[in-house]
Amino acid sequence: MAFTENLSSVDGGLKSELGKKGIVVATLNELYNWGRRSSIWPMQFGLACCAIEMIATACARYDIARFGAELFRPSPRQSDLMIVAGTVTKKMAPQVVRLYNQMAEPKYVITMGACSIAGGPFIDGYNVLRGIDRYIPIDVHLPGCPPRPEALLYGLMELQRKIDGQTIEKTEWYQKGLKREYPVPECGPHGLIPKFNPEVWAPREVDHRKERYGEPVLIGKKDKAPNLDAPVAARPAATSASSASQPSAS
Amino acid sequence: MEKIFSARDPSALNTETLEINFGPQHPSTHGVFRMNIVCDGETVVSLKPVMGYLHRNHEQIAENMSYAASMPYTDRLDYFNSMSNNFGYSLAVEKLANIEVPERAQYIRVIMAELTRLVNHVSVIGFLLNDLGAFFTPVLYAFREREKILDIFEEVSGARMMCNYFRFGGVKYEIQPHILQRIKEIVKKFPKFLEEFEALLSKNEILCMRCQNVGVLPKELAVSASITGPMLRASGVDYDIRKVDKYSIYGRFKFRIPLGEKGDVYDRYYVRILEMHESLKILDQALKDIPATGELVSKKMAPFLKSPRNFKPPVGEAYGRVEAPKGELGFYVVSDGTPQPWRYHVRAPSFINLTILEDMCLGHKIADVIVILGSVDIVLGEVDH
Amino acid sequence: MTPEEIKNKIQTALPGTALKWVRDTLLIENPQDLPKVANFLKTSEEFRFDYLSSVTGADYLQYLEAVYHLYSMEKKTGPFVLRARVGRDQARIPSLVPLYRGAEYQEREAYDTYGIIFENHPDLRRIFMWEGFEGFPMRKDYVQEDSEILEASDIEWLEKHQVQVPEGMKKRAEELKKQGRRAVAERPGQPEPQ
Amino acid sequence: MDTRFPSEKAYPFDSESSVGMKTEKIFSMQTLDQIFIIAKKIILGVTGHFLPDWACLLTSILISISAIAVLGPFTMMYLTLLERKVIGRMQNRIGPNRVGKWGLLQPFADGIKMLTKEDIVPLEADKVIHFLAPLFIVMPALLVFAVIPFGRNMTAVDLNVGLLFFIAVSSTTTIAIFMASWSSRNKFSLLGGMRSAAQMISYEIPMVLSVVPVIMMAGSLSTNSIVEAQSRWHGLKWFVFTPWGFLGFIIFFLCAVAECNRSPFDLPEGESEIVAGFHTEYSGMKFALFYMAEFMNSFTLSGLAVTLFLGGWQGPFLPSWIWFFLKTYALIFVMIWFRGTLPRVRVDQLMGLAWKFLLPLTLANLLVTGFWYFTSRPVRIAGSMVLLALAFWILTKLNRDVVPEKRVYHFAE
Amino acid sequence: MIFGSGVLRSMLITLKNFFTSYFKGPEEGGIFTVEYPETRLPEKERFRNFPFLVYDRNPENLRCVACDICAKECPPKCIYIVREFDKEGRPLKRPAVFDIDFTVCMNCGICEEACPFDAIYMDHEFEIAGPERQSRLLYHKDDLLKSNEYFHKIRPTDATAIDQQRREAEEKKKAAAEAAAKAKQPD
């Protein structure tokens, strides 16, 4: 699917007219925010483990429908909220960014789980993207591995709070010249090109983890391979039962 | 006229095949699986699976950390069945370091593994129905039961999904009598739910129409393609690692292996239902026989609970496998005598079960592809490990 | 059957194959013999190892290795482990796909991660990583990129897409380019003191 | 015998006189029954004093139109809520309950959000058709409201070919769906569009044929006369209580479900297969229009089913429009119930069901209706039931490939 | 069997659930929902989310001795500890910096298991979410510190057992010290 044309639905004239009338705008604002906050339709889009908790949130025990957010739309065009639920790999990241670009304004993103926030436990993987916020802006970060379904509901309420704080005149998507469509990274020979989008993300100033262990943690890096050919004493070769020595505590 | 009628056969319309790209973001590819489908109208002519969208380098990461630290990572392999993943990994390491597991821990392991099987099969059937187009109802019923079992997991291990409960030579926490009592209640009530679930599904004409004689997998192909788990048994091959290897204490329980007739989607669905009944039998027996007290971790391994980094198995290799709900889950571990394994490999059942996806789908409609994929029961965390 | 007997049996059936027991696994000294041995193990009445459970690559620094775990579904026996060793640079092993369909994806995985080329494989492409990825990431000498330092190619790409890049990052990328280096994980992580 | 001949005008009272009656018995049943008519009459009476005749006529038309234009979207909005609530209950959960009391304001919130959502037109799309498709799908959905008798005297336009009008207009939906799918330049959309074209054309035929017995018995194509034909037994002598009517109703209802693309026949938008089908590329208000058309179609088709087979607004005790809405919502409940329960059928099975099963069955039904028409009471009930059962049995035997197989499962110890 | 009876049967199941949802309890097929912000599920004692540090009477008195074991055992290496030094540069038995990166932590509970000083435990708090990750989700020592009472509140069984153990160990230590002192005295 190609890039899409963005057509703003509120024109400038209407906006300036609204600006003059304080009370009207205030109520309009309230109405607008109320409409958006009570009808957040997420995209039916799961990546990994957290997606299961996302489904659990939609299921009977937690029932995200109470917030009016159970209509999981399969098409990005019709959804308001992208829940990035799970590890974003380098192979998947271009698709996630493209999906974000395909969504219609106003759009929100919740990163659910450690993996999508910063790579999480899989941060050292050669194919793991260290956080989807390197390419797209995120509204709510929701840590946990995986977050409980209640935590997702809490994240949703956090998003609602954020929506409540917005005003119709200052919302990003009605501003002129603001681009909410981000270039889709490409798969290069060693990883993604670019490694991050500097408009959205900048490296941490002090990264203790990197300082201490290096970029990926490779504490298992070894120079000597085990020699399996060496005969083992007191061990019949063909049986699978091993009578190896006691694991030694150092 | 040339355009409309084909050059080779003037009486036939000149048609073009349509290339469709399913996924990686698609509502029913169970995650980030992708299929390149070439179809003629709606009939599938060729299908190429593309994976790796969730390749999160489990093996590389595991080779860079201590043996015990990989345990929580195995949870995230097949994220429906963290307990059976734990089981497989601890079996492999126990084989490697020759560790005995105390009696009570064995029982707890079996109970947890079978509960996991219930969780998996019931949700898989729910998702299969979702793929068939039911509006979430079977999934929600399945997840309702799943929640009840997850409550047990949470109470036992501390987490709903990522249990990290098994330890080499035992299990992590004590399981209190009141939890055992609750498991007994669940086991008692589960058949009633299964009955309702079956009434909802098994005889439903639409389900039968969609599932019977769709995606047939012949016996010979299943064996040659290393298919395992309910999918293999639905094709009529009697091979269940719980019976073959009799690992842990499965040799003590009486249960049967349901076998399918034709190996189509319906058989795979129904074999799973029957397997749940058998799992309940195992649970029944295990709950009756479990010793009231006993140690949880073998004496040899107890000191390493506090300091997993000091656990150094002797140089050697081991391949431990269990009958995970999705098939044979194997872990191949090579130790070089240091705290980190030299080689750590996962034999992921749903990854290998995908081998014959194309063979099963050819000639069927696009809608069937989704159903066949659903009946294979894949979890992308495991496929792409 | 003792290991020696098994070995002798195979060698009498397939003269000229060099076999060696490594622990409880059978090392096939010449990888080209692998399909022959596997075929014998699969078809002979005595073994009937009709189920190839797992195919694994491994890197032992001097050589690469492929490990095959065979079971018999018919006789319910196993495992029987075969291994074949190849040099790092000419890692070519004949494929087992004609014998066992189940090897198809696993051999692709071993190719993707270790760079072992399986001859006669019907569709030997990368399976997890994308086409165009360089290097074999599970080999012990693979070095990952540094994910926080932009390189010249990144800067070029970003400028093509009209993205503002801070000066500091540009300068760093230029320096790297001048030195002819990639931004790899500079401190490859020290092995923990044992 | 009686039902064969549609009674002429059988209103219990003239609409003119109802205004006069109002002064005497304000809260009588009749007043309640005619409350909307009276309201309209009052408005016309007030405006009539200072408006010329043509303007009066225009006002009258305007009132009817605006009533429908409000009713249509309003029904649709609350049907979405109803569906979400009912399916929620079927799945043991609550459903929307935070937006307003019991979630009653949920549809408005959705509406506001949809209205303010960005409208995306794909760069490659055929822009004109992409724009027109949602309009074309809503128009027929609103137009058919005109011929539905919502209550006694409450038909906007009492066309003498009302039924024909309904079927003709509602079948244009196919074109709109195909426009949407074609113009989007999306393969999933195209697949959905092709599916919908095939599906709607094939279901049109059994649907129309299942209506024919009603036309035969009522002797008219006017929806009002059909309702009148079912007015005996205190308004309980509905066509559905006859064997041919029962079967016709079932077939009609199944076809109606298929016509408005609802589960289990929701192939054009089957989300587990082809993402969102023909409206994959639509966002914001345009998508809302598709959504609206789907629900309005399900409302009007249920309303037509009620009119044709369930006695329309006929019924004892309650005011006529309440009866109508009760019956219609009951049918809609069944539609939602289908959606909450059933998996989707496959394309070829869907076609097979229409052509190989429903179509012959409707033909048999036609035959039975003729038999019913020409025989007398004891023979015709038993005879037609036997005939229909026979037809059903033969057809299930002929359609052996869709009948479930019996499976036997073995166990290995 | 009449064609269509299976469909009717399955429809009866959903209808049954529709009606039971009005009358019955969550276990018998009624509404299964727990309305989260207002009502909550009973917290399981062993539930683990993110780690926290236990202090004994006041925050100065924290149990952690900055031994760095948890940081080394942590599978994804999300813990960063710097030992505190006094003015003369001698190491103190407490951390100056104790950071846990919640964006990396995988809630596995291994730190809790490995800690020899009963200082780090897994919290029940899961309502953590924010628009900013780099500063907000990097938890420092002050954010992580929680009292022993809080620990008692969330995990009474474990906390009591651990307190008991600690008391015993302390008494043993005291006794040993006394014995040593006694042994010293005669000399």
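Chains: A, B, C, D and E, in written order; residue numbering restarts at 1 for each.
What we mean here is this: contacts are C-beta pairs under 8 Å (C-beta built on N, C-alpha and C of every residue); 3 or more make two chains touch, one makes a residue touch a chain.
A quick note: this is a predicted structure, and the numbers were derived from the prediction, not measured.
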Chains contacting each of chain A and chain B, listed by label: C, D, E
Reference chain C; chain at largest CA-centroid distance: D
Chain separated most widely from chain B, comparing mean CA positions: D
Chain pair whose interface holds the most contacting C-beta pairs: A-B
Computed distance of Cα centres, chain E from chain A, in Å: 25
Between chain C and chain A, distance of the C-alpha-averaged centres to the nearest whole Å: 32
Averaged-CA centre spacing for the pair chain D and chain A, given as whole angstrom: 42
Cα-centroid distance, chain C relative to chain E, in whole angstrom: 40
Where chain D touches two or more other chains, by residue: 90-94, 271, 275, 340-342, 403-404
Chain C, residues touching no fewer than two other chains: 23, 79, 128-130, 137, 189, 192, 194
Residues of chain A touching at least two other chains: 44, 59-61, 63, 66, 74, 91, 121-122, 124, 126-127, 145, 148, 213, 216-222, 224-226, 228, 232, 240, 250
Chain pairs in mutual contact under the definition given at the outset: A-B, A-C, A-D, A-E, B-C, B-D, B-E, D-E
Chain B - residues contacting chain A, complex: 24-27, 31-32, 52-58, 60-61, 63-65, 72-73, 76, 79-80, 95-98, 136, 139-140, 143-144, 146-147, 160-162, 300, 303-304, 307, 310-318, 334-338, 340-342, 380-381, 384
In the complex, chain B residues that touch chain C: 51-52, 55, 57, 59-60, 64, 221, 223-227, 237, 239, 244, 309, 316-317, 319, 321, 328, 330, 332, 334, 338-339, 342-343, 345, 347, 351-352, 354-356, 384
Touching residues on chain B, where the partner in the complex is chain E: 65-66, 68-73, 137, 141, 144, 147, 151, 154-159, 162, 164, 172-173, 196, 199-208, 305-309
Footprint of chain C on chain A - complex, ascending: 91, 126-127, 130, 183, 186-191, 193-199, 202-203, 207, 210, 213-226, 228-229, 232, 235, 237-240, 250
Chain D residues touching chain A - in the complex, by the definition given at the top: 84, 88, 91-99, 103, 105-106, 108-113, 115-124, 186, 271, 275-276, 279-284, 287
